[in-house]
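Next come two complexes built around subunit A: one with subunit B, the other with subunit C.
For the complex of A and B:
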């Protein structure tokens, strides 16, 4: 019974913890401008992240070591350094975007400008990551993030033109007034938002933090194959509600206040409160994950002591990297760059860094020296290779599409 | 290849990139480029006005908190202000472009005024008037955006 409860808690946490500022922004923008014609992208992205998160979880559970640690050992310091450089840059920028997202959520709740919140959020984030236990952080914000389910219910409540939405979803392509370049730019951004590199590093290091062993493979797989798709459903609901409320008015969405509006239209102040709470939990939870992921990757690359399971003075360099990452994230925002714009840039760079993250994972997951008989089977390798081709295509296309479409401006 | 050769190649490539960028930004604006800027500004103003309508309607239904309402109007006004600034810094390359600008500027100004009226409204009647005004401006901007998009499709991409 205790094990079932632990698995259920893990699934709920995975659902609530799946969505971050990238998912919120990319799905809402896409829904407003393109209706549901990008509906296939989150589906493709969720299958991809499930395939690679399963590999990462299996590697951690069987070997007792995180993926990044093994990447350096298996592929050597040079390849691991390329992996580290790409993913760290993207993860620290994402951390900045998440902190900005927390600031924006607090602004919606208080009307105090987000820039005034940013340093406060930075300090609170650092204190929480210093003091609180890993499981508490994961469960608290994962479960609170479930408040975003308000968008699923709102979609059902808004009496959408389902025929029109179905037509958009089954006929992918740009609507009148948009072009194919912009359509593909948003497709790449949505795909990158679902497959953000920090997610697999966090999942794999989190498995070690929670002392997973081969016995926990079931927990890991249930989290991935049930929790992640349901989390993806929350992100998709943001697209669907934006497609219902904004797309018929031929308008685009470029602020968090607009993203929250469909929940208010459907359920008034209660819906609005749930949406703001969901945004806060999703972005704060993701800020913790990205902060920890930055420190995990650096510490694991250099072979330092790492992890929340150690006392801070036993992993001083790990906590220093964590603190510096938060400072950099805050500093980026204090340049007054719009957090939504920062998120858009982060998604593009994330798309570029995807192959650097996922190729090494595929290699390690096929190494019987670490995994014994738990190496990838044909199905896992089939999906792994297919997604490697897709992430490579997204990585090559991301920058040219960004330039040609002027960041999706058309 | 020696390190010095690599450095020379890298420096030459960087210099070429920099020169290309400098040439690009120092070019006088083409009419098509200006039309694209006008289209983006009109679309931003339209989005802000439509958001204003949506927010004000929910306000009438008592569906929003004060803090949210303040933020939503602030966001909309900031978006229009950014668009206005973009338009102000672009120089119209010919008379046709200037005529286009002269059609857009009053609509953008109306959007800012209507949004401010909605944000400042203290009773339902004033808010109702602000909704009507924002709706009118939004429709006019929508028509302009559609016209500019049609022109863009006819003339081809800039």
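For the complex of A and C:
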């Protein structure tokens, strides 16, 4: 019974924890501008992250090695160092974007400008990662993130023109007034928001810290195969409500308050409150995950002692990197860059970095030296290879699309 | 066993599964019959930087060398006799308390982390 509860909690946490500022921004923007014509992208993205998170969870559980260990073992120190630089840049920028998201959520709740909140959030985040019982907070923010269910209920409540939405979803392509360039730019951003590399860094490192063994494969798989798709559903609800409320009016979404609007239209103040709470929890949870992931990748590349379960003075280098990452994230925001714009950039850079993360996972998941008889079966390899091709295409297309469409501006 | 594939860049764990470092490089020696063998594992950014090479590698090794304590300026060296088993990690037969501590870890702990309240409590 206790085991069932633990799994249920893990799943709920995975649902709430799946959504971050990237998902919020990408889904709402695409829903407003393109209706549901990108509906297939989150689906493709969720299947991809499930395939690779399952592999990395299995490698962690059976061999005790987290993802970045594999990156260095399989790519060698030079390529892995370049990979580290890229991943770290993306993860720290994402951390900045998440902190900005927390600030924006607090601005919505308090009317105090987000820039004033940013340093406060940075300090609180650091204190939490320095001192607090991490698993408790992870569950707390994961569960609170479920408040985003309000967007699913709002969608059902809003009497949307389902016929119209269905037509958009089944006829992928740019609506009137948009072109194929912007269509594909947003497709890449949405795909990257579902498959952000920090998710596998965090997931596999968490598995190692909790000393998963082969017995925990079930827990890992249930978390991945139930939690992530349901989390993806929350993200998709943001797209669907934006497609319902904004797309018919030809409005675009460029602030967090507009993303929350559909919930307010459906349920008034209560809906708005739930949306803000959900944004806050989702972005703060993701800030914890990205902060830790930055430090995980560096520590795992160099072989340092790492982990949130260690005393900070038993992992001084790890905690120093963590501290510096948060400082850099806060500093980026203090340049007064718009957090939403920062999020868009991080999604593009994530797309570029994706293959470097996923290739070593696929290689090691086929290595019986690590996994014994738990190596990939045909199904896992089929999906793995297919997604490697997709990820590579997205990585190659990301920067040219960004330049041609001027960040999706058209 | 292939040194490049099965040994280099693997995580080294001590007797209790605590991380010691990576196999950043290996030291080879030649026995009486002229057969080379792995004499020691080298750990730390000095060994790693020398292996990476180039400007970045020199910088990495140089900064690490500056931090290293005076009497033993080279990289941390673990005699291969101490290796119990090589699996997905390199497992040692001793506790890491018996091995030299990486200088960057000591420096950051003494100058930064230990000055912050709560550095002793696990999260």
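In this text, the second predicted complex is superposed on the first by the 408 of 410 C-alpha atoms of A that agree within 3 Å, B and C clash if a C-alpha of one lies under 4 Å from a C-alpha of the other, contacts with A are read in each partner's own complex, and residues count from 1 in each chain.
Going forward, a residue touches a chain if its C-beta (ideal position, glycine included) is under 8 Å from a C-beta of that chain, and two chains touch if they have at least 3 such contacts.
This structure is a prediction, so every number in the text was calculated from the model and none was measured.
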### Message
Touch test for A:409: subunit B only (first), subunit C only (second), both, or neither?
### Response
first
#### Entry: Which of subunit B and subunit C A:258 touches, first, second, both or neither
first
### Message
Output check: A:272 vs subunit B and subunit C. Expected answer is one of first, second, both, neither. What do you get?
### Response
first
### Message
Is A:244 touching anything from subunit B or subunit C once the two structures are fitted on A? First, second, both or neither.
### Response
neither
### Task
Considering only the touch criterion stated at the top, classify A:110 as touching first (subunit B), second (subunit C), both, or neither.
first
### Message
For A:87 in the superposed arrangement: first (subunit B), second (subunit C), both or neither?
### Response
neither
### Query
Who does A:196 touch here: subunit B (first), subunit C (second), both, or neither?
neither
### Message
Applying the document's definition of touch, where does A:370 land relative to subunit B and subunit C: first, second, both, or neither?
### Response
second
### Summary
Where subunit B and subunit C land on the same part of subunit A: residues none
### Query
Along subunit A, where are the residues that touch subunit B in the complex?
107-111, 176-177, 179, 245, 249-255, 257-258, 260-261, 264-265, 268-269, 272-273, 276, 409-410
#### Entry: Interfacial residue positions of subunit A with respect to subunit C in the complex
63-65, 69, 72-73, 76-78, 80-81, 129-134, 302-306, 308-313, 316-317, 319-320, 369-370
### Summary
Note: in the complex, subunit B contacts subunit A through residues 40, 43, 46-47, 50-51, 54-55, 58, 61-68, 70-72, 74-76, 79, 142, 145-146, 149, 157
### Query
Once bound in the complex, which stretches of subunit C touch subunit A?
6, 9-12, 18-22, 24, 43, 45, 48, 51-52, 56, 87-89, 102, 104-106, 108-109, 112-114, 116, 118-123
